[in-house]
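Both complexes below contain chain A, partnered by chain B and then by chain C.
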Partner chain A sequence: MNREYYGKLIFELSREGRKGYKLPKHAVEGSLSDIPSTLMRESAPQLPEVDEPTLVRHYTNLSTNNFGVDTGFYPLGSCTMKYNPKINEEVAAMPAMQKLHPYQPEATVQGALEAYHTLQAALAEIGGMSEFTLNPFAGAHGELTGLMVIRAYHESRGDAKRTKVIVPDSAHGTNPASAAVAGLKVVEVKSLPDGTIDVDALRPLLDDTVAAVMMTNPNTVGIFESRIPEIAQMAHDAGALMYYDGANLNPMVGVARPGDMGFDVMHINLHKTFSTPHGGGGPGSGPVGVRKGLEKFLPNPRVIKRDDGSFALTTNDDALGSISVTLGNFAVEMKALSYILSLGNEGLKNVGPLATLNANYIKSSLNHVYKLPIDRICKHEFVFDGLADKSTGVTTLDVAKRLLDYGYHAPTIYFPLLFHESLMIEPTETESKETLDEFISVMAKIAHEASATPEVVKTAPHNTPISRPDDTAAALNQIVTYADLTQNA
Partner chain B sequence: MTHRYFPHTPEDIKVMLERCNLATLDDLYSDVPDNLKLNRNYDLPSEMSETEVRNFFKKLADKNVSELTCFAGAGYYDHYSPSVIPALLSRSEFLTAYTPYQPEISQGTLQYIFEYQSMMASLTGMEVSNASMYDGSTATAEAMMMAVAHARKRNRVLVSATVNPAVRKVIDTYAHYHNVVVDTIAEDNGTTSRADLEAKIGEGNVAGVIVASPNFYGILEDYTGIADLCHANKALLIMNCVASALGAIKTPGEWGADIAVGDAQSLGMSLSYGGPYLGYMCCTKALIRKMPGRIVGATTDENGRRVFVLTLQAREQHIRRDKATSNICSNQGLMALYATMYLSLLGNKGLREINEVSHSGAEYLVNGLTSTGKMRLKYPDRPYLNEFVIEVDGGDVDKFIADGIKQGILPGVKIAPDEILIAVTELQSRSDMDALIMLAKNTFAPNLTPSRHE
Partner chain C sequence: MSNIYYSQTHEYVRVDGNIGYVGITDYAQHALGNIVYVDMPEVDDDVTAGEEFGAVESVKAASDLISPVSGAVVEINEHLIDNPRLVNENAMENWIIKVELSDKSELDELLDEAAYKALCESESAH
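Right, the complex of A and B next:
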């Protein structure tokens, strides 16, 4: 990463009269003059005028102020920032896939439908489910879709009073938000000091108004919920379904399947577990899987394989409805399929164990200088509750910012909400022992700095393109467009 | 154990396990009950080399009929795609970054989102934009929920019958589970019935009204007075627009809309069999705190430099949790970068030129197709931009499409047994259009003497 701040906006490179395009030779002379002027734009949009080389240099320079997985270690908890293989990008960009219109007749997209079906079947095998829809565009979209499946299931039985979803207090913020959007009320259940769900507190909550229990396993502190079969049994006895938030699926790959744990509905983040790039926030993909018997509730359209081996797009009336126009972020799905094929059985078997080994290795190497609130074998991630020595006043935020100086992305901070100074570390299986060793020594060094030279840590970062931004001023002034910026100048 | 994506040597694993006081990798899972463990291989293919992966996809790709001359639209259009965009998008600093939570090392992402917001706000004629959404259909559903949240107790939304029916299905699904009542505003000869809108909004309880421009039939509707009607009834006006068209047509801002949403795939993005595309949402500054999704704002750092951050995060799901009215937690980052670069390269003039050429191409095609005598423009007295509905007298649209595909042409999208929706962009040459006209003649009027249409 370039530590010099670039900082220019494309608007500031604009000069009247420049252009960066040339259209193909026109079929006919273009004109809009026959359309009534009342239907036309009154003033032109304020867009830059730039030539192609200027644009290329601008965005190349801009990119150098960004940190990605290819730049360095990204131990961001619950985000599974693993290596994004390049072959995935290549196959997803094949013109014979990329140039298909979503409304092409079925007979002309057999390869695309087969690819979709192959991936959904592979995810079903990995998740221990019966069938997946790949239509949801992101993890949060998958959660929403999964909860809609659950509501459609209860509605189909005429069971209208199930309006609650039980969520642990350690849950990802999206869980309660997805529930609210799906029209469900959230009931929180407490965690025990070891981070696992309090089964005794859960039991009395399970009545005939509960639609689902929504959990991630391992949970957000990286601990496997060993009592999951008992929890699933209790939920099912009460007529509720079990929802698996797949954000933490990575350590289970090759080892255990949510379906076998008793979950009925789950989503997977292809951009976490299945190596598709995060792209600075998207496009992601959040496939949703269901156990046998719930397939008909999956959103329209679905891809099925016919008896003659051909593939078809189908819709049905039992489905929850549609959460997308077509088959989701198709190109992202192709990348995940490429990853599964590249790893194969042999590779997939080791994803979970190596991710788990890397997390435990870091935890065991730093638990003397950082406070470890839950001292157990973790899965793919674990949480420190800040520095062991709290007397210096150095916070988790400071540690995170100091890590940036040393060339690392920060861990997830202040989540989960169970601890005041949460510092959540997830290394993934694609990091080498050398990388982890260097990270461990830097983390130890920062702990040392916190007592020897605390001001250095409290005022970090010092070695990044910019220093800490003024968030309060940003929220107060709300300068959110270039027009705002020039008016304020 | 070894795979090209895993750096671990057997020696590494041994040393690392020792540090954890464990003997084997299985010991890492001592907390997982044995009966929950898979204890077998997945029923999946064996590890493949890159060559094998490539061949696997090549075989699938060969089963598609691709690279057709595309007259299909219905929301997704085949536009010119500048080659510099995929080249820059593949820079791993953009591609492999997470959401920009750490602004000190994410100025690249934050800055292009700020540029994106600026361009989309200006394109739609609105004051603010969020950092982008999944696609146009979900962005429209989110706008519906935003209107209902804004209205507090009112939960009814009116949707014009001229909104894309595929988008409507997504709206209906979200509405069903979010306890929103959706009513349809009837269609009047291809446009939104003003009388029906007035009647239904007069019934009360309306939080928002959703209309489209161009509408599903490609028609440019006259929305004069609609914003006042909505506001007089305390409803928000939501307009769903094709992003590319906004380079020429009257904007949601100019119509007085409160929220502008839609798909930005038309900004040169690959059709890619349905995704990834890009949803956009813009609104008035008064509504900014009700808007879902990320928003980037400008501020200063400790050295007084102008820098960019995620702002107004108190609106967002990870803070509001069960009080949230949206669960959106990412944007469509890389596709927002796509749109930003596209709009920069094309600029105002390029977008206008695309609309001019597409419109004139569409007129040429309408004249040619209707000259067959078997095809009629369904809404002849309505202005259209670059897409239109053709009715075929007693004709079989399926056969028209199938005949076209044999010649490498995708003639359009069937919307009824005898109706086809046809779109023209800057990419279809005159000979492409003549080929489609000839195809129509051969399919529906084989006895007519083919004549070159001018």
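Right, the complex of A and C next:
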């Protein structure tokens, strides 16, 4: 890549009057002067002016700097960056999927409605729930929807005083955020040193003001919460519902079901567990499932199967309302359906065990050079607390940066907050033993470098287009537009 | 006896008469890394011992501030609005809020310097 030229911003390539387009003569009646002056901008927008080859080369060269699961191993803990099978894309790209209009008559979209219904039923089977809505757009949107279902349930019983949600201190940050957006108050419960929820600390918090207990299982340190049935019993005795954050569903697929453990409401991240692409902000999909009795609170519209075998959209007044335009991110849903049908029953049963095996293999291969704060069999992911040898001054951030030099995406760092130097690795089931072995040898090599040549690690990365951006300056002095940049220059 | 008391969650309160200067400890600023934002309450707000009164955001994480004492906020450290890194430079000097203590007996629940030092050492060895 010609960095001298292509490493520039598109604005820096702009030359006045250059154009890469030709618009047709406008087909709309009227003229610009018909637009009220209050709606007109006062100065022209500062858009880059470039010819087509410059434009295409600029973005094509930038795209070669991308790193994704199609380019290399992506062990980003808590994110389940599994490989996205190409057949998913083929299915979602079929004209029958792509050329639908959200407001087409039901009779003309029976296939799409059937596909939606098939996926929600498959997820209900996998999660041990009665029914799923696929309408939420992403994981946190699913959490919000699930909490709104819970509120609607309590309100339907005339119980308005349940305003609290109990969340473990190891939870994903989205849990307290979703609770706050849903108008509920967050009460944090401590974790034990092994990362699991402290049941004795939970017990006194459960009273008639608690709407729900939100849990992730396995939790954010990759440890299975084995006391769930007891916790569910306690919560239900207090009149609260159990919410399952499906972010870590991957190791459970085909092995254990949240519904069987006593959870009442759950969400699933299709873009994690069911192999639809993510990273860069989406598009995601966060279906929400509920146990029997709560279906009527699910958002409108729902897809039902009529007795004659046809499918229909329905709405009802008990629902929490509507949380998305019609049926959510339909193309993403179709990719997940493609994944589930390609793997089939037998294939799906291998997902959880292989994800678990891969994580334990890496953990056991590196725990002599990285500090393992929780020495137990993990599920699909685990956390190191930085390097075993703390005397070198090499931090988790340095290790993550050095991994970039070796062509890997960095793991999740400094989350969960339970440890100071968290480095969270999740290989997923889709990687071969050769890939895992290569990664293990690079991680061991970095640990060796940290002792032998610490400066090399502390100043990494050395092989990337940009070395180490100043993240503090970026947070304090935000430059988000080209105008900000030119004013700062 | 020193007039500085510490919490399990790494806040301190330096007591001068009925006034407590509340901030985060040097250990906490070091663990957080470069601080880029301090979310503070407003003057006249009430804070409660053991409850959140704001947050510090660093390049690594956002962390709640838990008040070691109860009382009314009489002043906030406005220097931190433009220059949150002052906390990194000197955490003990650069307090976050100044509180008129409503119950000085709460101080008995807090750690003294020796106990706090022991807590930090046990956490580092964790």
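Heads up, the rule we're going with is that the second predicted complex is superposed on the first by the 425 of 489 C-alpha atoms of A that agree within 3 Å, B and C clash if a C-alpha of one lies under 4 Å from a C-alpha of the other, contacts with A are read in each partner's own complex, and residues count from 1 in each chain.
The definition used in the following text is that contacts are C-beta pairs under 8 Å (C-beta built on N, C-alpha and C of every residue); 3 or more make two chains touch, one makes a residue touch a chain.
Here the structure is a predicted model, which is why all the values come from computation and not from measurement.
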Is A:G393 touching the first partner chain B, the second partner chain C, both, or neither of them? neither
Is A:G293 touching the first partner chain B, the second partner chain C, both, or neither of them? neither
With the two structures laid over each other on chain A, which partner does A:R41 touch: chain B (first), chain C (second), both, or neither? first
Partner chain in contact with A:H420 - chain B first, chain C second, else both or neither: second
Applying the touch criterion given at the start, work out whether A:A331 contacts chain B, chain C, both or neither, answering first, second, both or neither. first
Greater residue coverage of chain A in the superposed arrangement, chain B or chain C: B
If you stack the two complexes on chain A, which partner ends up touching A:D471: first (chain B), second (chain C), both, or neither? both
Based on the superposed arrangement, let me know which partner A:P102 touches: chain B (first), chain C (second), both, or neither? first
Looking at the overlay, what does A:Y361 touch: chain B (first), chain C (second), both, or neither? first
Residues of chain A at both interfaces, chain B in one complex, chain C in the other: 173, 415, 471, 475
Touching residues (chain side chain A, partner chain C) in the complex: 173, 373, 385, 413-415, 417, 419-420, 471-472, 475-476
The chain C residues in contact with chain A across the complex are 31, 34, 36-37, 57, 59-63, 84-85, 123-124, 126
